[in-house]
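Look at the two complexes coming up: chain A is in both, with chain B in one and chain C in the other.
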Partner chain A sequence: MSTELAKAVVDGVLTGGVYALMAAGLTLIFGVMEIINIAQGILVVLGAYLSYVLQTHLGLDPFLGLFITVPVMFFVGVGIEWGFVRRLKQQNRTALSILVTFAVAIVIEGILTQFFSGDLRSLHAWYVDRSLHLLGFYLPYIYLLGFALAVAGLAALQVFLYRTRTGYSIRASMQNRAGAQLVGIDINRVSAITFGIGAAVTAAGGMVFGATTTFNPNSGYDLISRLLVIVVLGGLGSIGGALIAAVVALVIEDVTAVLWSPVWASTMFFAVLIVVLIVRPNGLFGRQAARAQ
Partner chain B sequence: MNDPLATPLWRGARVGTAGLALIAAVAFPFVFTNPAVTSVAMFTLLFVGSSSAWNLFSGYSGYMALGNAVFFGSGAYFLANVAKDLHLKGGIGIFALVPLAGLFAGLVGVPVGWLALRTRRHTFVVVTISIFFVFQLLAYNLHSLTNGSGGMQLPMPPWLADTYNNYFYAAALVVAVVAIALSWAVRRSRFGLDLLAIRDDEDRARGLGVRTERVKLAAFALTGFITGMCGAITAYYLGSIYPPFVFDALFDVTIALMAFLGGLGTVTGPVVGALLLEPMQQYLTLRFSNAGISLILFGCLFLLVIRFLPEGVVPSLARLLRHVLRTRGEPQAGPGDPPPYDSPADHSPAAREVPR
Partner chain C sequence: MATAGALSLSLALTACSSSTKSTGTKSGPIKIGISLSLTGDFSADGKAFQQGYQLWANAINASGGLLGRQVTLDIVNDASSPVQVATNYQKLISVDHADLTFGPFSTLLTKAASQVVARYGYAFVEGAGGGPSVFTSGLHNVYDVSLPVANNLVSSAKWLAAMPAATRPKTAAYATEDDPFTAPQLDAARAVLEAAGVKTVYNKVYPPETTDYGPIAAGMISAKADVVLVGTLLPDVTAFIKQFVQQKYNPKAFIATAGPDQGAQFIKNVGANHTQGIMVPNEWYPTVTTPGNAELIAAYLKAYGGTAQDVSSDVPEGYAVGEVTAQAVKAIGSLDQTKLNAELHSGTFTSVQGPVQFDATGQNIKAFAYAFQWQNGALVPYQPDAGQLLVPAPPATTAILYPKPVW
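Let's turn to the complex of A and B:
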């Protein structure tokens, strides 16, 4: 029992890292633009399908394929921001942004259904099916590699935000949008880049997601519901909060599956959110401003 | 400047239109007897009810709830469980349980609302979505109440195929009328003003003595009551229910889109939105059996509405009409209007420019 429990915790941490990467994009977009990107879930699925296409048609390894899929997803994100989000009027922007990104998600789901049908797919590679035997655990290589990828991605994001000029602009816009504009930051450019980064991380997240589970165009709903729970749990706009929330939520889910039953594991995931909200309506690391209307 | 649409003439025209629409709705199944048509009409009426209910809380208070399928599914499963436990036979009597299903859904709305309304704005939206997924998961997992993914059967009504839909159509019409009447009554009451004040500035409304918590929760539960009735009728019509159909994420956004299309926060907006959208959606599903294309078209339609009609059809038309009435030179003077002795000044080009 105790080894099963330890295994559940380790699995939770490893998958939590990947979810943290996907959620970081979502919370970054919220922080800069004050909009919730409902399309984040389907973008992950799109990233998984891109890796799938590269693998089945060009025989490209999913990890090598990231050199293509990450830039592609970046430009998809920039396109969505430029095409739809930027054109929203200031009045009712919050509500409309949710509907717009939902509509984008529906269109992408439709396109994926058209090309790939609703059949379940999955990515294959030597590291997907084999496990590493370590300290009495059997850890699938893909979990380890995915976690390493997530850590690398998050570290790159950290360096980008804290060590580059564009990163400074993004953080300034997160702190005070109007102030950032006053000191000469091109808010449109920052928004486009932010949305691009938010989408680019889904290419990496989607690849790992596609390698660890089967997916179809419908998988976006399950993903976005989890990602939303993670970002609200961590506090909207807080990247560090999203990381901790992702790991905590996934560990709780995996531990529930072992201690109680796998059937209730995903319910537990949402129950955590409800309990936290009763105690702290702003999430674990939310800013007070999130409550002001 | 006076609102040219507030004259008794226009008010009378509005009442007349509403009366005519009601007569047309009652006469509809006698004119169009094709079951395929009456089925679409019934679903349209149910969406008129659900979308008006959504607007009653979210449109008036500005809190975007994207989890109303919680009420829809609760009403549906309540009816299925009561019919099963009491071994009821199919027939008109089942409809008597529909208001009870609505009450049950409204009761579900109290703890859900209490929890969700602790948050605001984006967080509120996300919390409603999360609670929706909790309910969907519960519907899969609570086998004793829902039979999980196996679904539940409802009693089969003994009606003939020709008139089968008419009973459901009548029930849906009653619910739709109740929803519109409630929405209208709330809009004209102090309760409605409280909700609008919350939308404009919640903290200030609270400072001025609006009991915001209570008002929000009451409106949320009222929305649950109407949406639950729509869910119960849908369940009875379909005959069997499954978790993903009655707890459907697309339902959450469809009713919101209808209200947006028609005009957020207006009484007629959600009605117009549902009348336009639901038949179109049913047509798309029938015309393109391929799910991909109908999803793409639905999403694009969605994007076009938000891009070009962010205010909605009803407010945009009203503005156009006002503009036409004002720029026609002579105002349409109703008996209640002040005498236009200062009208010469109004004919100067500058004054004729309508602000905005």
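Let's turn to the complex of A and C:
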């Protein structure tokens, strides 16, 4: 049992990294723009499909394909922000964003279904089937690489936010949108870049998602509920919080599944979430904490 | 709203005043009332079922009809809704005056429809309502021509149990989605294996919304079971296989309720090199040598094109409903529903899916599942012999692979 438990913890940490990669964009977009992007789940799936297309038609390795899919997803994000999100009035912006991004998700799902049908697909590469034998554990390379990609990606995002001029603008907008505007920051430009980055990150998350599980155009719905829970636990707007929350969520679920039953895994996680929110209503690294970073 | 209310009232009044032993008119075509899911979640299966029903109607009409009368299918769409399917059968019987009724697709809709059809005393022959809940409703007019869902894995389980002691598995691991299609199959298989002394070392049920199958796979791997039986569809069986490959876990047998039966999709998701030896049950296959099956396949290809491998297993299920009903009607020489129910309860019948005989609850006790095993990129059928061991089913000739080759 102890080996099984240790394995559950390791699996939870590695899988949590993958979910953090998918949730990072969601929390960043909320932090800057105060909109809840329900389309984040379908954007992850779109990222998986882009990797799938590059792999099946060009024979491109999914990790190498990120050099194409990340920029493509960035511009998809910029397009969504310009086409739909920017049009929202300031009043009730957050509530309206749920409806608008949900509509965007349905449109993308429809397009994907038209092109790819509802068939389940998955990405293949040598590292998907093989694992590293270490200390008695078989650690799948795809999860190790996915976790490494998550840590590197989130670290790069932190560096971008804290060491670049655009990053300063984004953080200023997170702290005080009106104030940032007053000091000359182009809020529309910052919002477009933020949404673009949020979508670009999902290209990486989507690639790992597509390599670790099967997906079809409907897969976004299962994802978005879990991603929302992760960013709420981590604290809306906190990228580091998303990583920690994702790891905590997956470890709790995996350990519960091993010790008790998979049926109670999600219940146990939500119980922990409720306790955390009672103690810290803004999540582990909630908005105030995130802005103080 | 007023129109809908008036229609409901009209239906209710008609229902109250109609005979519970409708026998239809004595001349003209025989009208068969059917509700099918032509849209919604079950639309793919519903349309395949429609093909099966239509092919049977074409065949019987070409051979002179039923009781000398042509048959016509009165098919209405239930949009995969349990509410709509009940309304449809009420209308088919009380307004359209159907002479016979055939079942819809799925256990969910069959259960909802059977209550309504029972009220009118009609025999309700169906091919896709094999879930246990259909047979525990206390109705005596529902007849499922197909294999009861719970028995899908029984042939495979009995094969493992019947092996000589030296090769028989000592331990088994079970994991199933919490689903009325998969869970009863695992329960039935586990009962067979435990009775044969095969120890259960892992047994978990997981919710349908599960996306992280890692802990469940890890549990089965840690249990080091000789054989693994999983209650899955394509996404979860793919996840389990990937995890087993990554963890280099090689059970002697890997048997799934569904997923490996998805042909090309299954190969694409798990990789052709990881399919060898994996097993899945099914009641029918295109080249099975049952009476009428070759004619069904020929008629299908003529009507819809494609290849024999493209024929959905829903098609013979629908076709078999027509075959069994026709045999019962011919045996009694009328459309009297009381006599028809009696004949269905007592008679034995043949179908493209194999022999049919109903028990008191309407389950087909003659049906058995073929076990299919992936070998060199193709699904090879096996059937139980007298000693319950699996032997090649025609046209297959190769012996079953046990233990399963390593990944």
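The rule is simple: the second predicted complex is superposed on the first by the 275 of 293 C-alpha atoms of A that agree within 3 Å, B and C clash if a C-alpha of one lies under 4 Å from a C-alpha of the other, contacts with A are read in each partner's own complex, and residues count from 1 in each chain.
Note that in this section a residue touches a chain if its C-beta (ideal position, glycine included) is under 8 Å from a C-beta of that chain, and two chains touch if they have at least 3 such contacts.
Please read all numbers here as calculations on a predicted model, not as lab measurements.
S.K.: Please work out whether A:Ser122 is in contact with chain B alone, chain C alone, both, or neither, and reply first, second, both or neither.
M.R.: After superposition on chain A, A:Ser122 lies in contact with chain C alone.
S.K.: Look at A:Leu96 in the shared chain and tell me whether it touches chain B only, chain C only, both, or neither; answer first, second, both or neither.
M.R.: First partner only, chain B.
S.K.: I want to verify the contact counts: of chain B and chain C, which reaches more residues of chain A?
M.R.: B
S.K.: On the A-aligned overlay, A:Ile278 touches which partner chain: chain B = first, chain C = second, or both, or neither?
M.R.: The first partner, chain B, only.
S.K.: Looking at A:Thr113 after the superposition, I want to know if it touches chain B, chain C, both of them or none. Which is it: first, second, both, neither?
M.R.: The answer is first: A:Thr113 touches chain B but not chain C.
S.K.: Between chain B (first) and chain C (second), which, if any, makes contact with A:Val263: first, second, both or neither?
M.R.: It touches chain B and chain C both.
S.K.: Considering only touches as defined above, state whether A:Arg87 meets chain B (first), chain C (second), both or neither.
M.R.: first
S.K.: Of the partners chain B and chain C, which touch A:Ala178 in the superposed model: first, second, both, neither?
M.R.: In the superposition, A:Ala178 contacts neither chain B nor chain C.
S.K.: Taking the two structures together, which residues of chain A meet both chain B and chain C?
M.R.: Of chain A, residues 263, 266 contact chain B in one complex and chain C in the other.
S.K.: Can you check the complex and tell me which residues of chain A touch chain C?
M.R.: The contact residues of chain A facing chain C are 3-4, 7-8, 11, 15, 119-122, 124, 128-131, 138, 140, 142, 212-214, 222-223, 226, 250, 253-255, 257-258, 261-263, 265-266.
S.K.: Applying the document's contact rule, which stretches of chain B touch chain A when the two form their complex?
M.R.: That would be residues 62, 64, 66, 115, 118-123, 125-127, 129-131, 133-134, 137-138, 140-141, 201-203, 249, 253, 256-257, 260, 264, 290-300, 302-303, 306-307, 310 of chain B.
S.K.: Using the touch rule from the top, collect the residues of chain A that touch chain B in their complex.
M.R.: 30, 34, 36, 84, 87-89, 91-92, 94-96, 98-100, 102-107, 109-115, 118, 221, 225, 228-229, 231-232, 236, 263-264, 266-267, 270-271, 273-274, 277-278, 281-283, 286, 290-293
S.K.: For chain C, which residues count as touching chain A in their complex?
M.R.: Checking each residue of chain C against chain A gives 178, 204-207, 209-212, 214-216, 218-219, 222, 234-235, 238-239, 242-243, 245-248, 265, 268-269, 271, 274.
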